[in-house]
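To keep things simple, chains are lettered A, B, C, D and E as they appear, and every chain counts its residues starting from 1.
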């Protein structure tokens, strides 16, 4: 599937097998800063899709455009359309989106510092109406995933360590029982085995409850291991996409994202001095 | 201090003097014991990693070292001098610089100004000349600008000089933050997860910066990082914390094989 | 900005065949309750002259209000905007604004009429040729109140050993009578207790009235303004202070000051110099030609209220001064310089009041070149639970006490303001 | 010596000498404090729920009071006027959310603070335009608010209690208790606190800022109406009432911006403190100390507890 | 295409660090200064006296507050009182030593308010944000009370107000009622230009950077060796200095007299609003904010007259209030970072013009 094909498609056709489709969107911040220059991507129902790219490529911006949080950052989607479950998200407020099952875990945590960990988790269930016991149950599930959170359940989130806040943010999103989760750099600042755990949770939820995921990740290695499909973003454009497997085998991806050259992992000591990245398209 | 470029290949533990030593430090917040009875030392010129699971007390340890928290117990000796109630700015005067886990840049200022701010300690033109922006004040400004431009070149952030840092993507912010710390020309640099949120290539670059800095300027580095690849490749010695307690201390190879560390932190992946 | 300038010029051109009478008023802000009736009275009387008589001496009055909100900054701005338009006179209606304008008046040749407020010392015409504060200064007012109290206690000499409380708005206005009060206390041997009310405390005043309860002064005198007055009346009543021993200067004598406390305020006394009521022919003319025709903002039932009539008094003085000026100069369209002379020769006798359709409205007014206040008497009025009732004769101020203090104050003012101009304006003969 | 005597001994001698006056002072302080607390409560509500320091609370008090009295004067029966005034406050909350808050979501506190100043300006102009600048007498009889006072003989003197003050204290206490429970125990309450922490994070978990804001502004409007009624009954309803909002600031800050019980405790400390100071020590400096004393009390407390008595901890960690 | 820096190369860091690095900006500033200095030649008295002089004075006070609140991040609500300290200091100085040049005293009065400001800045070490506002509010109300209660400050004048005596500079009368609007305007303009230039110098150098560092992240600033208390106190002092001078100018060159009410809390709020709407942390913003908050209502008042509408004075006032309120909200929504930022965005658009971005 290529960018060109996507453009050609009429924007409003709802398709049964896609939970999310982003059609050629353009995003401008502050009326002058053009950040996304035509990004298109699809997430199939029950799929796990990775969004890769360097710093500043526009991953976070894409996710925010999807969950409609851009307006709060004085950003605007000026072109294109985003369909979630067949509905235009631009017409929905962020909370309606959450009600419909699309929730975002923000980069840089965004926990409520003055609420305790437990209260943070409970706010995640704000949109739910299925009663206290169900919510309790899910909370226990989250504590099961992250025992560290259970230990710290009564401390103010603002005082917890960086990693604890990250777990809290992921757990909070799970509390809303979403159909689709937009994960923005979930592995950032987490200890290796927790990273592993988070990705296991992703796989687990995906298997058991058909939750779809869009992962923006720097940890390409992990992301491609768990995702089924991937998009690579550079400078606000999708420069490459394909099956996770084929991406992982691509020489360029190997070199620049996986750190494998000539078939073996390089040491960080061997990094050449300031390589210039080869750019696609841009 | 080693000669520039003298560190290719496997690194021997650097046999410098002890620059900083942490003796039996404990710190708790209410009921939470963030650090308990930890001792270790950092030698001149080495890259010392501090690792451990989330909430192990790594950041707290750095905060103790540069005087932001005061430990309830224990002693920190820096350059042979113990300063019990040290304030953060004293640490800075003594030559300790750091970067932060959640980027703590001056958001309203440009990248250039942020790095220039790092040189505050080294500037001393008086108020009068500052007012006129003339004479000593201007000379000083230009002189330090040269230094800062060197750092900017070193970190390859020329294009974003004038961008307010609040608008930079995360990775670049981290780089600017490193620049700001470098501008202080510290003897000891504390890096708190400098590579979180970076992709591989950027991590490689960042590793390069840290190594070069260590080589060329002889800066001693204390590094917190969760990417084991980076830690094992870069550091001379590693100290491992878990639940506020030191569970291991040694060269990367020793740590890799340490069962306690594997159980508490590394997991099966390594 | 250029546009604005031309707007200002445009109305200047308009003003050629009429006399420009700007009214600095305040119908907004925290003091609006006192400002509105006064603004209405001022406006309506002048408007009535326009309607009934076609202006003064055949020249229409160009009446224009400028809203100050009792704010000095806006007041000065108003002044700047009107001063280019040949105003006949300026009424600042705020002690703060008056103080600011006093030095400018002589330079811009615009007389300032601050009726019974402003700088007391300005009564000395020798030093303040451009400022007028008829019919009486605050010091006159204070002396009248003490005189009244003396009368009630059986003679001023009986005041010895008594305590007089003074509750005042903690600002220049409220503090002004203190020196005289202290002087009189010394002379007659009574004690003075001061209760300052900060502008922010106007609505509360509980600590002040508690202190009153502790000190039990025999009499209370008030120099309040705006929202301070009704609150004070309420607090006094709540604390069981005998209302007929609670006396305010004329600015506490509005209906809105007593009404909120209703029947509780019964007995509350204030000075007044312009009799309230709508039964005067001139006021009836206002009712017919102005209010009745909807050419005013005044609600019908507020015509003739106490502050309203003070506003009328102010406008009567303006009108008389213009008339005098026309007579003195022979010009029809008179300017500030002429009106200053008109003010200095103003002499409204009882007969003249009658001619004006205001028989018994006020005591005769006599302003001279030397005396810019007139030091005219006022009377005491009492709230009967629903309206004001006159309860005393005209009380003359203690000129012998006030006069020397005024002179001293004027002298001091001139000394402190180095470069204060010597009076060069000639005196006209009284007409 | 004399000075020392009059500072350190005389006031206390007076207190002991005339205990009835002391009791009266304390009671007046209590009433004053409760009434400050009521205004402060309006601030707390909005601050707690959106991190907005609502400068317009003072004018909302005036506006609510004026609407009630204005409608009454226009011939609407008292309780219908009350209901309409409540409706108007709802309308205001709705409009503020739509026009001001929604477009300014996620902006720094100071910007929202400034926006509420815009609201203040608008309401002053609008209120005076509609109701005129002249003061109005608060309707008390028709709302069945008691009048008059009674004296209690005690401690060798009499202490005077205004019936209205007693009602004010009772009503204020009930409102505070109800709101405190609402905030700490309910789902919405938790959401409110989350919004105050971070707008964007609250959006991301699906909290509807629109709904929340209308709720709190409406609640603040109701508090304003109650405040308007009691303060209006104490003096009258005029635009001068707006300045009493300034008296709520030290209360607010002393109590901690975000705490409802803090508003009450702060109100009491300040109400009683400033009355005592003005009454016993004020005469030493010529009185009028209540213009600033409250701020100094608050400042002294803050030096020991920078987040106010009950405020949320100021989180400092890197 | 007119506004491009292309082709303007910097050959030294000194020139790169110039305050207006772009030629077009430099031309702009020269033009503005030229207009300002020739204004009295073609504007009438009202404009000079009631618009320009107060505008400049407010701008100066706004710069003062901006140094503290915008650049150093310390919210202050005591501006009015600090201005008052300047005014009263100047009054006392010139009445005690009448022979010293008044301009010297105007500037010196700034030192008094700087000292007072620094004292009230002391709590800033412990108290932050809106909580700090209480310390400055205490200053505001306490000082206001002093202006009323200490008769020595106003030379025991019975009116309780201060009056401005006549003072001369090179035989030209600069204060007092006989000083012409032009003279006063030029004095104010020169002082404001000079002090703006100094403020700009400070803010572009080390001091400005430390202040902004403290504002943006005080913990990080401290960890970089910046001592918080001296830095904050210096900001309080410098800011109060500016406010004090503005206060002295206000009384001596504009009002010609003042009562304590002039320096009340509303004055503080007005100036705070100027900097918020103009742009926190921007000197240009201080001017723009002063223009919007001070000049706009005047323009609105004369607006209806201009359109030939005859509204009642009070109605005009009501409408003015409403319109100003609406405009404030409008501007905030259009650009929360203030007019100065709006101006920058405008410039940026101009730079890429005729392309949208």
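By our rule, contacts are C-beta pairs under 8 Å (C-beta built on N, C-alpha and C of every residue); 3 or more make two chains touch, one makes a residue touch a chain.
On a predicted model such as this, the values are computed, not experimentally measured, just so you know.
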Which other chains touch chain A while also touching chain E?
B, D
Shortest path length from chain B to chain E (each step joins two touching chains):
1
Per the C-alpha centroid definition, the whole-Å distance linking chain A and chain D comes out as 45
Chain centres from averaged Cα atoms put chain C and chain D apart, in whole Å, by 36
Distance from the CA centroid of chain B to that of chain C, rounded to the nearest Å?
74
Calculate how many whole Å lie between the centre of chain D and the centre of chain E, each centre taken as the average of the chain's C-alpha atoms.
32
Please output the residue numbers of chain B that touch at least 2 other chains, ranges allowed.
59, 68, 100-102, 104
Counting only residues that touch at least two other chains, what does the list for chain E look like?
141, 145, 148, 219-220, 223, 314, 317-318, 321, 336
Which positions in chain C are in touch with at least two other chains?
27-28, 170, 198-200
Which residues of chain D touch chain C in the complex?
18, 21, 24-25, 28, 31-32, 124, 128, 132-135, 137-138, 149, 160, 162, 231, 234-236, 238-244, 246-247, 274-275, 278-279, 282-283, 286-288, 290-291
Sort out for me which residues of chain D touch chain A in the complex.
105-106, 187, 190-191, 193-194, 196-210, 258, 312-313, 315, 317
So in the complex, the part of chain B that touches chain E is made up of which residues?
66, 68, 87-89, 91-93, 97-98, 100, 104-109, 113, 116-118, 120-121, 123, 125, 127, 130-133, 137-138, 140-142, 145-146, 149, 180, 184
Considering only the defined contacts, which chain A positions touch chain E in the complex?
28, 30-34, 74
Quick one: in the complex, what on chain E touches chain D?
75, 123, 126-131, 133-135, 137-138, 141-142, 144-145, 148-149, 219-220, 223, 265, 269, 273, 276-277, 280, 314-315, 317-329, 332-333, 336
